[in-house]
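Across the two complexes that follow, chain A remains constant while its partner is chain B and subsequently chain C.
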Partner chain A sequence: MVPWPAFVAAPLAIFAPAAHAAVYLSVEQAQQAIFPGARFTVEALASPDAAHRQLWRVSQGGWFIVDAVFGKHELITYAVGLGADGSVRGVEILEYLESYGYQIRDPAWRRQFAGKTARDPLKLDQDIRNISGATLSCRHVTDGIKRLLGFYESALKQR
Partner chain B sequence: MSFRYAVLSVAALALGQPAVAGDSPFGYVYTTDTHPRGQREFEQWITRRHGHSRGDFDAWQFRTELEYGVTDNLQTALYLNYDSVDAFRNRPDGSTGPGAFVPDGVDPDARYKSSFLESVSNEWIYRLLSPYKDPIGLALYVEPTYGPKKRELEGKIILHKNFLDDRLVWAGNFSAAQEHEKFHGEWEREGELEFTTGVAYRFAPRWHAGVEYRNHRGYGGSSFSKANRNYSASFFGPSLHYAEKSWWLTASFLNQLGNAKGYTDQAREDIIGGRFYGEHHERNELRVKAGFSF
Partner chain C sequence: MSRPSSSVRRARPLLGTLAEIRLPREASGAIEGGFEALERVHRLMSRQDSESDVARINAASAGSVISIDPWTMAVLRRAKEVHALTGGLFHWEPLEMLESAVHVKQRVHLTLDGIAKGYAVDRAVDALRRAGADCGVVNAGGDLRVFGRQPEPIYVRHPRSPGKLVHIGQVTEAAVASSGAYFSATEFFDPRTRKVAKPGHGVTVIALDCTTADALTKPCLLEPTRSNVIAARFGALAVVMQ
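Showing the complex of A and B:
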């Protein structure tokens, strides 16, 4: 005879939170992916509208920023490396918990941001290609990077 | 390996598959979100329709559905509709049935209970504009339904607009349906127009709370002319939605507002206290939907 907890466990298991294998990179791994061999110094932030934002100064010159944007249900955590001239050097997706849209981790899609500055439009279907089926994630990450480039112009350029 | 461990392992494996979420924060209102190409989802809907003007009335509608993303903008679904009803002296005159769930010839003084297969439906949704990159989301919907006592063709225009970084969702649907229903042994032709709208806000990760409004109008015959109007009834209530990576759950409650209108003698007889109780209209509707990707 099957003990009763098994009958309880079956429906509970169906409704239990799914096991998310969604942390793709640690901050340190992302730092080395964008700025190999560099050292990173944490910098203070006074940006009340960016609760998830973290900032590092890069020994080679430039900045490393971790930020998060809304997905449909969860936050998408990503990192952007900016060169000394304020242009995007690389983008990495650190954590992605959404149901679909994980295609934004595709290196070819992320490479589109390389060299972009605050003067570029950074608009989906203009200078940034959309991934069909991942539109919400593409748009939010694109908008997030655009905001970080604006943040560089207003707060980091003179530091 | 214990039975309990085996069940948990199978469930964990199933939930660990690449996931899908064409999920809507609403119970009744459709959004333009469709499944990406090749994604599949199983959905189970349960709707409890409760309360007539008097007596007892409880109808349970079940919908078991498979959805599939044909392309990133085209989604199809096949579903089975089956019902269960328990009615006793529910008509305005104190008799039992007949009505949408209760057939002719039942004993008007006895309780009527039955479970039956209602129909099979095939739904198609094509998204023309995305709310994530166009000014407004727009999709077209068509759904033929076939059953022993029902043939229906329904079309919808789905509008969807998001605000506040996509945390606030608005959607509106305009629906028209032509149906043949077997009643009193005869096939009757009827038309329905419906407007549904809702707003939902993502108040915490994975959670949306919202409200929905539904106005439903019935027409006799094949045209939606003023002369063919039968009735108009409206509903309003809250919805709650929770989504995980591989599954989601939506609960929605609608209460019929007391502003129903009847345009025929029969429809006016079915309006008690401002609420219409004919043809699939009850005082309260509670819908729970669950979706699982696989």
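Showing the complex of A and C:
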């Protein structure tokens, strides 16, 4: 006889969070996760179509890029480490913000969260963890990584 | 484990979704091994990657014998079992399993999307435990497993309103997976009728391992009124949400 999993029923509570967010890593933590021990130098980006993109040159060779992608209901900030040969060394999600009933594509609404989700949980229900259901596609992130590889080929390879 | 400050939480784009691992801070060194397990399943069972076991099986002509990784073999064996124990509600292709290879009797369109994520979560939990983590949560896009003694609250997306979360209780040492037409375009293929269904309900399966929880969501979704009878064959529990 297979034992039943421990399952404690609670009164069914339904609520609609205004927005919920997960903060995984800071930029510095992601840098050290992908390139342990390296130093990072910010490089200017003159790309008007990539206002969310930040670029660092890595002391041991290669690049560290932070970028953001927007879905219909989600905003995902992620970091990609590229080796000196342009190959992907690592990908880390930095922040995830999900919202229904708000205009996640509206820059004014988004600005209130930018870079401060960890310290300013206002309007965020950060403690909602362990959400089951609805496969959240990572297609925006994988498409974003492809764009960054194109950006490497066209702009970084020669630097 | 319960306070965010005492735990580490990381996420990567894997298995077609965002895969997340959360561990107590003192066990953070174990996290990389967990992601390695998720990545290994991703590499072996992705349909898109032409090097994967699944893609090689799908590219094989009738009569070929394709050698595969023991992990892929384990998933295939479980998939066949679930197919048999659910009266065909879980899709299966005509493959004959040999020692460490499969005999492709005719061309197949194999997908392990309904089970591989759950299997990946289980292998990640194994790796985390071996590396010394005594509790934690692995969540691959909504297929999640809680291990250790720490109870964890579980939220399920409302099937018709994914912005609403339903707190269904808390679990310890259990896996939870859900399925439903969360977004209006979601459709499900019924392998018995070979027709597409658009259920209005959602189903959540609670089992001891995530492979089982993941694999049972679709059969239970297709047969909501029999879902608990189906789940009970696997020592699992199904909750239907209208």
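Going forward, the second predicted complex is superposed on the first by the 98 of 159 C-alpha atoms of A that agree within 3 Å, B and C clash if a C-alpha of one lies under 4 Å from a C-alpha of the other, contacts with A are read in each partner's own complex, and residues count from 1 in each chain.
Here, contacts are C-beta pairs under 8 Å (C-beta built on N, C-alpha and C of every residue); 3 or more make two chains touch, one makes a residue touch a chain.
What you see is a predicted model; the values in this text were computed from it and never measured.
**Q** Counting touched residues of chain A, say whether chain B or chain C comes out ahead.
**A** In the superposed model, C touches more residues of chain A.
**Q** Kindly classify A:L97 by the partners it touches after superposition: chain B alone (first), chain C alone (second), both, or neither?
**A** first
**Q** Mind working out whether A:L25 is in touch with chain B, chain C, both or neither, as first, second, both or neither?
**A** second
**Q** Which partner chains sit in contact with A:L75 here, chain B, chain C, both or neither? Use first/second/both/neither.
**A** Touch status of A:L75: first partner only.
**Q** Please work out whether A:G133 is in contact with chain B alone, chain C alone, both, or neither, and reply first, second, both or neither.
**A** both
**Q** Under the stated touch criterion, which partner chain does A:Y152 make contact with: chain B (first), chain C (second), both, or neither?
**A** Once the two structures are laid over each other on A, A:Y152 reaches no partner at all.
**Q** Taking the contacts chain A makes with chain B in one complex and with chain C in the other, which residues are shared?
**A** 2-3, 5-6, 9-10, 13-17, 22, 73, 99-100, 130, 132-136, 139
**Q** Considering the complex alone, what residue numbers of chain A touch chain B?
**A** 2-3, 5-6, 9-10, 13-22, 69-70, 72-75, 97-100, 124-125, 130, 132-136, 139-140
**Q** Mind listing the chain B positions that touch chain A in their complex?
**A** On the chain B side, the touching residues are 2-4, 7-8, 11-12, 15-16, 18-21, 23, 36-37, 39, 69, 72-73, 130, 132-133, 165-167, 202, 205-206, 243-247, 249, 292-293.
**Q** Looking at the complex, which residues from chain A come into contact with chain C?
**A** So the residues of chain A in touch with chain C come to 2-10, 12-17, 22, 24-25, 73, 76, 78, 91-93, 96, 99-101, 126-139, 141-142, 145.
**Q** Show me the residue ranges of chain C that touch chain A in the complex, using the header's touch definition.
**A** 4, 9-14, 16-18, 20, 22, 137, 139, 141-144, 146, 151-159, 161-180, 182-183, 202, 204, 206-208, 234-237
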